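Common to both upcoming complexes is chain A, partnered first by chain B, then by chain C.
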Partner chain A sequence: MKRAAVMLKMIVCMKQVPMVSDLPWDPVTGTLTRDVAEGMMNPACKHALEAALVLKERHGGHITAMTMGPPMAEEILREAIALGADRCLMVSDQKMAGADTLVTSFTLARAIEIFCPDFDLILCGCHTSDSETAQVGPQLSEELRIPSIAAVEGLDLCGNAMRIKRVSDNFLETLEMDLPGLVTVATGFYVPRYASMSGLHDAFREPGILTVGARDLGLDDDDVGLQGSATRIMDIFSPVAKKENIVLKGAPKKIVEELLDRFDDTIGSLIRKDLKAVK
Partner chain B sequence: MDQKRRSIWVFGDYRNYFQNRVTLQLLSRATDLAKKIEAEVCATVFGHEVDEWVGEYIAHGATKVYVCDNPGLKFYSTDTYVALMERIVRQYGPEIILVGATSFGREFTPRLAKRLKTGLTADCVGLEINGEGLLVQTAPAFGGSLLTRIVTPEKRPQMATVRPGVFQEIPHNYQATGEIVNVALPGDLPGDRVRLVSSERQPAREQKLGEAPVVVCGGRGMGSKTRFKNLFELARVLGGEVGATRPVVYAKWADEDALVGQADRHISPKVLFSFGVSGAIQHTAGIKNAGFIIAVNKNPNAAMMKMADVAIVADASQVCIALIRELKKRIRT
Partner chain C sequence: MEFDACMKHKLVRKSVREFAETELGPIAHEIDQEARFPIEVVEKMGPLNFFGLQVPKEYGGAGIDSISYAIVIEEISRVSGSLGLCLTVHNSVGISPILKYGTPKQKERFVTRLASGECIGAFCLTEANAGSDAGGVETHAVFTGGQYVINGTKIFVTNGGVCSLPLIFAITDPQANPGRNASVFIMEKDMPGFAVGEIEDLCGMRANPVSSLFFEDCRVGPENLLGREGDGLKIGLDALDTGRIGIGAQAVGIAQAAYEASVKYSRERQQFKKPISSFQSIQNMLADMATEIDAARLLVYRASARKDSGRPFGKEASMAKLYASATASRVTGKAVQIHGGYGYSKEYDVERYFRDAKVTEIYEGTSEIQRMVISRAILAEPV
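And now, the complex of A and B:
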């Protein structure tokens, strides 16, 4: 034996997101009518799964893919199986609809404590393409009282800890995190693999996926979903493209000065440079 | 004892220029919001040898600053900062906490909100106070194609992270005075579960056109291949990438991989500079996700000019040269 298998026990949290950008939403609750749109695995979650698969290949390990969502979200768990996950956990309950990040992380934590408590590492995507909060990962780590690092670009085992590389506010950081811990994985560094057709075929023929609801987690109705949420969505609207279309004319030098004076904050913050005129 | 006085807090994120700018922008917005709910504006500053920032936040609108100055806080540590902030929030009970949506803010704030068991809205592009005195937070969803307005009706504090550049900072006021509340670093903070091995300022990274936050796009209106080359210099100064229209690629002023607007060649820069581009539909389809658009064209009626935030009616090449000069003059390193 070259080296003892480490057998990292990993959980990859993933979310199904709508594939289209023009979405119907419920005008009463202000939440999205997700069952109307076709779903896909959130892109960042694919990167998190890929990071887990790489760790598994390198050190040996076991991957549980889990999601919380409506029954159709089961598809992404089957996709995860086809890609190399070993086990799935589906958290699904009508009462969980409309959950904000506070209650989502709470619910996921309860499921993890009951159904996969002996994990070493949790991996999440760095953000979802629908609500884009990037909050569930960090909040899940708080709920489980474990350390976490957001938006990591590379990770590997280093002794009993995780050695992590990432860029945070223009600082290239190398960090070490105790296990068990949680990371959210940035997009663009791990290249997600494709599932083979036969793999997908087999994954979708697998028997039922373990599905748990609020009661299985020992939670009351007002602990979960919209009822358990701290935030309320007042409304969702499509920002009308109301560009001001400001027209500037004159000598190039004057125009450029005017442009940078009027929009120094807008342009400056976007290009991350200070454009205030030097006095 | 004015413990009952309501307060709006802004987390002092000062590690680099833009983190600090968003802090100042939030102090400005907090000042406006505070008038509507009769609150005071407070900032927090954690770190070591941080007097500079304390003074700056007072000069930009904070009337009270909670300061924890300790060598143990020399480096940003999410674990430590969350624990420290949780304590002083519980002690003083702010109504609202605003944090810049920097990398740090986006990691720190969700964890703080979780500890406080309150709501948090990410990446806000608007903040208002409604008739009931609640903070109405406008945040983008689906890549900005939708906006949502969110409130936290009961839990306190109400918390939001806000994108840099959304609000205007108020000018530096040297006469402003503020109260400084020194906070001791608690001796019983949890041990370092995350250890910083190394940290260095990130060198510029090669970006691909599709993901570049800044794109300088040129069309036939640039006039010639030689003049088109100035766009590469402008892109360098702006830290962006160069894109091109089909006629320009055909004329071999730019490589094929700079082409914007053909199938799958969509770009979504936060800011797009468009020089001498008429705005053929193939091209405009490829840039519909661009954020702030500045277009330069001699023809004010060009389609590209109509879809711009700022339309500059002038010779594209001359404006390009003038812009390079002016930017080099202004950008401090």
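And now, the complex of A and C:
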């Protein structure tokens, strides 16, 4: 096996998301009530970890699994250890609750600068299943002033850079990115492995894991959490699918005209034609 | 006293459930119908240490605690009772006696192959005239020319069709008293005189190749004798204590699957323009099912915790097995009842759960034997 001259130092940022499909949320703050739902590692983060594990197997390396979240999020870091990560870092503080994506990226960046400053590559999931913003990864790269490529399908070390494959529309792009850099990993290529029983056993050998709060990062209350957030959720609701049956009656010509009048936008977008222009 | 699962046990459950639902879920119905051992899934389980759950790391196992062990068996059995059976028999009565009574050489030679999943284990006590009465064993081993010559037939061997390192009970000293006349041997499938019988056509657990094993002038050296000559009964009873935790966990898993299917179905099935879950008769059944499963699970975990703490756990394991197996039968029966005609159809999984549950009251000590073990332990306690 060919090994890289330098051992890759990787950070996988991951998030615990609620397992249930009907997310419990706080109607006052408009944020998710995470402590009542059973948590799991965000599926896309599993793909990011798998990408890191493949790189480590191929070239050697060291993986730090990192999360920001409530104490119960420790579970996904233990899971990451069971799957093959070497070390974990937990960013957790009551004051960090309700953080938007911008302040989350800001907080993660400060933790990385202090606790793992010599990283080569940061891997994030391409989006989370609970909020679907896909913002934290790219924002984190801005905070750290490093290059980033989002939604990658495959990546490998090529000299001192990363060679990256990304599907864009109907094209497969091959890109090269200097290190240190950041990627967000899509869910189409890597198949996350299962935790072995031995890995699960080992993941709980160490009683505690490194947990840091706002003060450890030199941050004030105003810098983190809901207080530090630039955005507020104004409203959150479950989308309701509405079904309606409409019966058009009359002569065929009249029916078609009425159909086009009512649904020209919908039909047009399906067949990729501007039906208003046709009419 | 802590009743909530710790983070480790929660994660073990989630991880095994993910594996079972993804890899085994789509074929669980089919392997039962076709009575097929799912070797393609078993091959994936080896590298994940499912076949060396409590084997120390030095022999290639995972070294997990007994509650984690029970959770693994429960979660696999929740999806496929047959594979849960394969795992628990292999890990408990198939391996644990070698770990406890084997020499370092035997552990190196046999346990490593079992723990990797390269070889599947089995435990052969039952014969045509022996089962609950271990004293009725007729298979015998005669020591001659530096080797034991073994002759006999074992029946209803779980994993029989796929095992390659089964443990067998044989009489080594017919003159000795019943507690000291039997010994345990580690057999190897490629030995001359070792043959596998037809796969049994059973009511449930159909994806497990239960069969007879025949031994005709099978010659094994003293290096295949487990413990000392005459230790057979002690080794067997020890192994069964451990095995009963596994069967209890298996019964809980089957009952859990039947319960979950019943809750889902009762919410969907409409009668009299209402979901049947709105009727008190159904609610009463669901309440009883949930309560009994909870109680059974706690009994299984208590026996496991006692085992891990190094305290005697035979009585507790028997109580767990007795109650959990009866629970599995009752709960799966109610699940069929809730599903009505559909529950009696092979198209629905509850029919499989119903068939699989029954045997948990029979193997690794019938319910009647469990009551005997429990009552003996109770009556031996100081007044």
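Heads up, the rule we're going with is that the second predicted complex is superposed on the first by the 237 of 279 C-alpha atoms of A that agree within 3 Å, B and C clash if a C-alpha of one lies under 4 Å from a C-alpha of the other, contacts with A are read in each partner's own complex, and residues count from 1 in each chain.
The rule is short, and it goes like this: a residue touches a chain if its C-beta (ideal position, glycine included) is under 8 Å from a C-beta of that chain, and two chains touch if they have at least 3 such contacts.
As the structure is a prediction and not an experimental result, all values here were calculated from the model.
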item: Of chain B and chain C, the chain that contacts the larger number of chain A residues; value: B
item: Which of chain B and chain C A:Asp118 touches, first, second, both or neither; value: neither
item: First (chain B), second (chain C), both or neither touched by A:Met40; value: second
item: First, second, both or neither for A:Lys243, with chain B first and chain C second; value: first
item: Touched partner set for A:Gln135, first chain B, second chain C, both or neither; value: first
item: Contacts of A:Ala82 with chain B and chain C, given as first, second, both or neither; value: second
item: Which of chain B and chain C A:Arg232 touches, first, second, both or neither; value: first
item: Touching partner for A:His201 - first (chain B), second (chain C), both, neither; value: second
item: Intersection of chain A interface sets (partners chain B, chain C); value: none
item: Touching residues (chain side chain B, partner chain A) in the complex; value: 15-19, 21-22, 25, 78-79, 82, 102-104, 106-107, 110-111, 113-115, 117-123, 136, 140-155, 164-165, 168-169, 193-203, 211, 213-214, 238-240, 270-271, 291-294, 300, 305-315, 318-319, 321-323, 325-327, 329-332
item: Footprint of chain C on chain A - complex, ascending; value: 40, 74-75, 78-79, 82, 194-198, 200-201, 203-204
item: Chain C residues touching chain A - in the complex, by the definition given at the top; value: 7-8, 10-12, 14-15, 18-19, 47-50, 52-53, 57, 61-64, 68, 72
item: Contacting residues of chain A [partner chain B, same complex]; value: 21-23, 30, 100-102, 105, 129-139, 141-143, 146-151, 163, 167-178, 181, 188, 229-239, 243-250, 252-253, 255-257, 259-260, 263, 265-278
